[in-house]
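Here the chain labels run A, B and C in written order, and each chain numbers its own residues starting at 1.
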Amino acid sequence: MTSLLEVNNVSLAFRQRTGFFSPPQLIPAVKSVSMQVREGEVMAIVGESGSGKSTLAKLVLRLLMPDTGSITIDGRPSGTLSPRDFANLVQPVFQDPYSSLNPKRTLAEIIQMPLIVRGGVSAKESEDRARELFGRVGLPMRLFHTYPNQISGGQRQRVAIARALMLRPKLLVCDEPTSALDVSVQAQILKLFEELKQSFGLTYLFISHNLAVVERIADRIAVMYRGEIVEQGETKPFFAAPRHPYSRMLLSSVLIPIAGRPLPVVSRDFETLGNGP
Amino acid sequence: MEEIQSPLPASRRLRMRRVLRHGGFIFGFAILFVTIVIAIFAPFIAPHDPIAQNLGVRLLPPSWMQGGRPDYLLGTDHLGRDYLSRLIYGSRISLIVGFSTMLIAGAIGSALGFAGGYFGGRVDDIVTYVINCRLSMPGLLVALAVISLVGGSLATIVLVLGLLFWDRYAVVVRTATQQVRNADFIDAARVAGASAPWIIWNEIRPNVLHHILVIATLEMAMAILSEASLSFLGLGIRAPTPSWGLMIAEGRSFLFAKPYLVWVPGIAIFLLVLATNLLGDGLRDLSQPEGRR
Amino acid sequence: MSPLLNIEGLRIDIPGHAGVLRAIRGISFSIGEGESFAIVGESGCGKSLTAMSVLGLLPRSAVLSAETMSWKNQDMRLFGRRQWSHLHGLEIAAIFQEPMTALNPVLPIGDQMIESFLHHRLGDRKAALSRAGELLERVGVVPVGRRLRQYPHEMSGGLRQRVMIAMALMCRPKLMIADEPTTALDVTTQVEILALLKELQADTGMALMLITHDLGVVAHVADRMAVMYAGEIVETGSVASVLSRPAHPYTRALLSCLPTRGQPLIPIPGVVPALIGELEGCIFRNRCGFAMPDCASQIPEREVAPGHAYRCLLARDDTGSTTDSSAAPLEAFQ
């Protein structure tokens, strides 16, 4: 079983400067996290704010460097890959559709950016590929040369996805890609993710706080709490019987749209919470 | 989170209309444009040679006043040089100083701002320190000191002003870069393997450009005024080159008898600086999205 | 018993560059004492605008008209500044999605909490602080003394929202409007805040108008609900009835596109149409899998059960989603 992504005992603490002369304060974000993602599967990382899931995503994307531990992508240590090789393997889809597109560039330019950076393709080829992806993600061609401020949030996410596919990566790291979208738009985008995975043979590292979404789309799931993975496993068994108390608390907090049920009782006494509610 | 399909926002035509409605911008642009044209076509517009002396016609008042002559529209100075021609050629000095300083200071300040804003950490510490050093110096006084050591000339002024007045660019570009830096599209470029210079030039610069333009116009006004002040003090352009500041200095001795020697170039400086300032204000107003007054 | 708030035929137009935006087109609903009413819809449907109109906080350019718009039988359309000012905080209070922007970052919590109390002259500063402390205790923001002196940025999101709720209760309002109160919070915190709201409602007998996009939240908090789409209420009724027997195609489509267990995920194709100019017929028809030519004319109101109504030409059995055997597939509309 080939692991496309391997995270081995990775830790990262943020340094907060407390003054010019005093040593920085260490705030742990990710603590000894290990996991593997096999080629072709969808691995979901779930957690609430402060869990470290977004930090983990950034570590995998090489936007941050781990203090300890290693990350291996396609068999090679992530740190040794050249920028070009890395870009050919891993690409991101971010949460905020309003921050992930350069407002001063047209959609055509935005989508082609990774190919322009990597080089090696003619301008025409680059545009052709961009057009093809534009259509593939369900955007009407008349919008190809427009600016981001003229399209909706759901459409922006489609552009972000098209951009991520320009270099035909193997792994897509998606950090809450549908959290900022309406429910009906979210459904459209999730469907798109499913289709693209089939056509392009993609592997997803899917970060989310929405358990319902994760249940639908993920093969395996890892639950993060305060920087650590508290539970991981196959999706179906997890949802049927979560083992860790935090996982159970998380699962019971999901509100299903069926009337007549009482609000779940959230008990936080499995671990003393130092920093208040 | 607007999923409603809003009608196409400010199209080119709507934006043009907004621009044309902005009085200050139009006025500033017009005056600046006219001045540039005058400066470029000076040899064809000026009726006389600006440095040719003719003591027989010295100190003539402007043509509409008593004693004036139609062939010396704005009169002559104490050496009989046609004031209109000097004014026209003087515009070259002001504009050259304005634009050159703007370019040099803009390049230095923006480079520092981009570096500090993008890289943060130690680099930013250094950049901030440099900016603070510069801000704690009284710019014009330093310029005065330097020029009195090396001597005044167009090149010296441009260099000294350019190497000194970059601070506002640096501060504004640094802050603007910091804001753009946190956007996800910058991270997307990083993951795609783009180098820092590539990102700064292609992703950050377009989002910061309007700030730079506004500062540029305002700094240009400052540069023009500075040159006029320096030349007035005798530490700038040297005679016989016509500079508006120098013209005021030379006319100072005759202030009560022939006041036009002072207010003609004075008004010219005033108009040009006002125009550049209004242009800058207009640019700033117009670069805001509509409705955000 | 007459309702606290009674709205009938509310219309809101907002003039803009490209024409007049018909943001709200004839909605009606009422909220009785102690009732918990939810308006559900996606972004842009007008639910927040509706809340703003009840608070008299519409943008200046907005044009409002209604057949009836009354608070305790007083005509709100005739309200001037004095009446609105009297209403705010004392009769109707509001909490919003993002407490960080709703709270003043440069004032301590205590000072902000007592503002409304003092404005309505319900007592002196000492009485105000005492009530503030009482409420903070009630919502679980402790230790009270320390918290009253803290600034918003010193607290977590969940705490800030609790402070907002306490602040809203200072003058014992009859109605609390909560606009997406838990959207910005973690799911576990969300449950706690919702439980708190329900408890407070039971204690004080106040009514709750909940604005949200989350049907799960509605199911657990509200008694009655209205589904809004593009400026209209397409279905309304008790939460139990609407969620168990949804009738309007949009409601059913919305429920089908929630990624819940065991059900296929069916997105709603298309986008919300631009709400400019004359709009006739059903506003959902460009995305509806059951649209017919007649949908372009007047749509009648139909009943599923007493109190549960929806606007559609079709009977409930004919508007099923594809999980129903009788339904026509929505996919065909792609």
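Note that a residue touches a chain if its C-beta (ideal position, glycine included) is under 8 Å from a C-beta of that chain, and two chains touch if they have at least 3 such contacts.
Note that this is a predicted model, so its numbers are computed, not measured.
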item: Reference chain B; chain at largest CA-centroid distance; value: C
item: Chain pair with more C-beta contacts, A-B versus A-C; value: A-C
item: Nearest-to-centre chain - CA centroid comparison; value: A
item: Chain B and chain C: spacing of chain centres that average the CA atoms, whole Å; value: 54
item: Centre-of-Cα separation between chain C and chain A, whole angstrom; value: 31
item: Computed distance of Cα centres, chain B from chain A, in Å; value: 48
item: Residue numbers of chain A (touch at least two other chains); value: 152, 154, 182, 185
item: Chain C, residues touching no fewer than two other chains; value: 42-43, 271
item: Residues of chain B engaged with two or more neighbouring chains; value: 1-5, 8
item: In the complex with chain B, residue positions of chain A that touch it; value: 58, 61-63, 82-84, 86-87, 90-92, 94-96, 99-105, 110, 113-114, 117-118, 149-150, 152-154, 160, 163-164, 167, 180-182, 185
item: Chain B residues touching chain A - in the complex, by the definition given at the top; value: 1-5, 8-9, 182-185, 187-195, 198, 203, 206-207
item: Of all residues in chain C, those that touch chain A in their complex; value: 42-43, 140, 155-159, 162, 186-192, 194-195, 198, 213-221, 239-240, 243-244, 253-255, 257-261, 265-269, 271
item: Complex contact set, residues of chain A against chain C; value: 48-49, 152, 154, 182-188, 190-191, 209-213, 215-217, 239, 249-250, 253-266, 268, 275-277
